[in-house]
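Naming follows writing order (A, B and C), and every chain is counted from residue 1.
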Amino acid sequence: MSLNLTLYGEQVRGNMMLKTQLFGSIYRFKDVKEVLAKANEEKSGDQLAGIGAQNTAERIAAKVVLSEMTLEDLRYNPVVPYEIDEVTRVNQDSVDSDTFQQIKSMTVGEFREFILKTDNSVLAQIRPGLTAEMVAGVTKLMSNLDLVYAAKKLPVVAACNTTIGEAGTLASRLQPNHPTDALEGVMASVMEGLSYGVGDAVIGLNPANDSIDSISDILKAFKEFVMKWEIPTQNCVLAHVTTQMEALQKGVPMDLMFQSLAGSQKSNEAFGINVKLLDEAYRLMQAKKSSTGANFMYFETGQGSELSSEGHAGADQVTMEARCYGLAKRYHPFLVNTVVGFIGPEYLYDGRQMIRAGLEDHFMGKLTGLPMGVDVCYTNHMKADQNDLENLAIILSGGDCNYFMGIPGGDDVMLMYQSTSYHDIAALRELTGKTPIKEFYERMVALGIMQAGRLTAQAGDPSIFTV
Amino acid sequence: MIFSKIVVTCMRIGSLAPEVKVTQADIIYQSAIHFTPLISRTEIDLPALKTLVATEYALACFRKEEIATGAIIITGETARKDNAEEVLNVLAEFAGDFVVATAGPDLEGILAGFGAGAASQSDFCTGPVMNLDIGGGTTNAAIFVDGKVVDCFALDIGGRLIQFDFDSAIIYIAERLKPLLQALGLEFGVGSRPKVEELSCLTDYLAAGLIAVCRGVKVPEFIEELFIQHVHKRIAARFIMFSGGVAEYIYRHTECLTLEDVNFHGDIGPLLGRSIRVAFEKLGHQLIVPKEKIRATVIGTGTHSLQISGSTIVFDDAVLPLRNVPVIKINPAECADSGLCDIIRSKIQLHEPGNVAIAFAGIVSPAYSEIKKMAEAVVMATGSRQEPLVMIIEQDWAKALGQTIRIMLNGIKPVICLDRIKADYGNYIDIGKSIGQVVPVVIKTLVFKS
Amino acid sequence: MQEGMIRDIAAIEYNGRLTIDKPKDADSCVRLKKTTNARICVGRAGDRIKTETWLRFRADHAVAMDAVWSDVDESVIDQLKFYKIQTLAKDKEQYLTRPDLGRKFSEQTLGEVKKHCVMNPVVQILVADGLSSPAINANLADIYPMIVDGVRANGHQLGTPIFIKYGRVATMDQLSEALGACVTVLLVGERPGLATGESMSCYMAYESSTAKPESQRNVISNIHRNGIPPVEAGAQIVQLIDILLREKNSGVTLKL
């Protein structure tokens, strides 16, 4: 399918109202992109880009204008033109026209209410008709509680060796990072994590050293360990996709393939990737993966990355983030998570902005149809601390977020940021009455680490795994 | 002889402060085991030894120019031969620009521990891992925890403490054994054909002594006498393995019913091995099987005797290699002393004539003012001496000190300043020619019999 | 109240420290703990971390936060006779949220620099607070004289040393162009990690320029007393300055 979007866009724009009055003042916006940007909740990144609302009243005026636009208006006004951007093309070309026909005349305001009042099963059916701009648009009209309430109605299940996203489960990525990737040190963190029932989503390392030999050794060590202890999970090393492809060619066992994604072609180029490369990686993985299920890709995203690589095309960071999800959907991933507070205060200034972004990203991912998790985190130069992190994690658990990170003591000694800890995972599960993924949970019970949905007295002791 | 391929990797690619590490060490050729050719009981046959080395080079298909660096290590009895030093130095140049070392009993135990696999084993299990290398004359032991040596020592216990002729008549009894034999009431001497039971009485006693050593408990009086240079720290080993020639008989079930059974190699080695095996069996202690037995020391030497310096250092290839440089050590308190120059001078004087290596240890990150002070003290203390200046730093600041000294000396004499090398007073150091940005180093505990 | 003091929680040595209540195998835990500086073997109170672990975490984060939000001790800078300037960022908050402003100077500032500093130096040394002022306070007095001694001994002319307040790495390009420097060396406070607020990086470039990509620079990072000692980094920088001058090049294409 190929659309002459520019032409159609011009026609549609003619019918769209980009002006409103609020408390007597007139607010006029020049295009959809500006409305989307100014309708955003406050983010330092939008201000840095010079596209955010000048004041709160303008922000609300933009929300009003946005609420009156139709989904069709949003579809035919992508923030980066179809002709020059492959992420736009992937997103637009994936739209199911029948589904789109049924929803296109809904305004964004009506769409918000539709999501809030409609049953889960019906909601799931509209996903093929959506584009990133529609997903981002409705997000801007939602409050934090709306985002949690709506996300909970949009469960997404995916299957690799195990199945993630089932009702009543809260999974976790065991992130055993080490400053030099020293294998013993990495494995020590793996043992500690498993002793807290962490690692059912994936045991996944961010490598300090992106060499093929090094990542191969780690993938093998993870695989050997989970085979020895019969732990049902997935292994992954979050190296660049090209490095993983080489390792895969050499026959290294890999259950999940990882890549960071951005929301525009230009920013993906900065990551050293494009759709062709990702397609190739996907096919290679399909042929050579060591996992069993239909979902075997793992993506990370995060608001602000497009601006930092100057590929945001004048659009706001929420919309760009939604476009990442549109791209991720193409590869039926097993895991997708935003790394919500990693990028720094110039994009998300403080705990308040971080919390908002985390809730937006989780909802947008779920609405897109992704098995969404969140790396709830902050850096030391942000105005945020552990309490902000815990707040966001608790709120997201209420919205049935698929998984969080599990890091020793919440301190990532390689990436130098703070994320959710092994302890946090255990506490969040207990608070929400959730368990790990079923097979993993059963194995934890057999190992004496969990019982009746909770950690046992023996849990939290890595020497269980040293024999 | 062992030829190894050592991969030296520059870590932190992209950074200008690289960290150079040995990331792989594979043995690509190992020769057969040869007895040291001797002219007499006290002299090594150098020409024969050269022929041996040349033959092994040919068999390994290497020319000496292809070898980046190497070490010749002399151990045990051979180190006590009259011409040992001369032989080693000639051989070092004959084989390539090698460094040479006499291991000394403690280092031998450590090297055997590496070769036998005790060091790597200790990385994967909890509790001290001990290796006892029992050769002809000595037992050299090392205890490892987390891959690191926690104790090493040696005893005069070995297979060749009593030797026989072809007819199983005793031809030699080690002098240090005699008080023990007396205490055990064993009356055989040179020329006699003892009973197996009599010999067992000795070897069982030695085995019991070794068990006490392994368990870290008080050892019998006569065993205590057999320690070489110093006693052990009494660390109880959780895992025990044996290497060396006698180990072949510890791990193998052989009968020693008759004196002829015992006299397989012309000594009591097989019987000592059997006694140790039986003693551990009675104890119900399962021994760990070593990766190497008789070759453990040579394998350990081939892979672990050589160290690599830190990568930000100062050196001068024109004066390398340097061999047998005695080490003097300066501790942090002495560094802080206003009389640092005099301290260094008086320590150097103990070793005159000849060069010394000044080792600085204990300071993690010296201030600029401290570097200046140390540099001035070293330059003044060594003022009239002509030898290259050699400094060994335990931590990572050799380039700072070396460069500061170089500036002060303004080219008067060569400066060698290496770091990430731990050396103690009483050690000797050999420094090879550079490999890229680092130099190979061997730290020795002993040079030659004087 | 008792006289005396509660122990310094930040001084507890965590290498090999085990705070699990009843570990199955304590030796194994200690061994595991020694293999990583990750916060493992910490034990738990219910599903939460223990008080000591929690307070130590907060203490480590406090050091990192304060490193970002504090200013460089002017006396350190003055003693070494640095010429002081500021980027377009007007305060810390703006500096953090507007990285673009932390890379630029006003025309007036550049004019002053040209007026007061040595022009066309062979080696120009710059210091910027970056994301950690304590990194400058802790390391500058040791690293800077090492560089100066070495560069002088090698016979290269040094420019006027400049301190940049609210400065990011890219400031070196603009200043290098304004001054016409051959080799520019920028010492800058790194983004702090937990408990490591004093880490400094050194960026170096040959004919550093706003027209060139970031790959023109070489970097030495992790300079602090428990990483690369500042004196050692200084000596290494001296040698690298020589290499950059000899090769008339820097960055990814530089062959060492």
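Things to note:
The rule we apply is simple: a contact is a pair of C-beta atoms (placed from the backbone, for glycine too) under 8 Å apart; a residue touches a chain by one contact, two chains touch by 3 or more.
Not measured: the values here are computed from a predicted model.
At the centre of the protein atoms shown, by the Cα-centroid criterion, sits C.
Each chain's centre was taken as the mean of its CA atoms, and the one lying most distant from chain B is A. Measuring from the averaged C-alpha position of chain B to that of chain C gives a distance of 42 Å. With each centre defined as the average position of its C-alpha atoms, the distance from chain A to chain B rounds to 56 Å.
Averaging Cα coordinates per chain places chain A and chain C 32 Å apart. Residues of chain B in contact with two or more other chains: 126. Listed for chain C are residues 25, 28, 31, each touching two or more other chains. Looking at chain A, residues 184, 466 sit in touch with two or more other chains. Note for the complex: chain B touches chain C at residues 14-17, 126-127, 146, 312, 364-368, 371, 395-400, 402-404, 406-407. Against chain A, the residues of chain C that register as touching in their complex are 20, 22-26, 28-29, 31-33, 35-44, 46-49, 53, 57-58, 60-61, 64-65, 67-68, 96-100, 131, 191-194. Partner chain C is touched in their complex by these residues of chain A: 44, 47-48, 176-179, 182, 184-189, 191-192, 344-346, 349, 379-381, 385-386, 407-411, 413, 416, 418, 421, 423, 426-427, 430, 454-455, 457-464, 466. Those residues of chain C that touch chain B in the complex are listed here as 25, 27-28, 31, 34, 141-143, 145-146, 149-150, 153, 202, 204, 218-222, 224-226, 228-236, 238-240, 252, 256.
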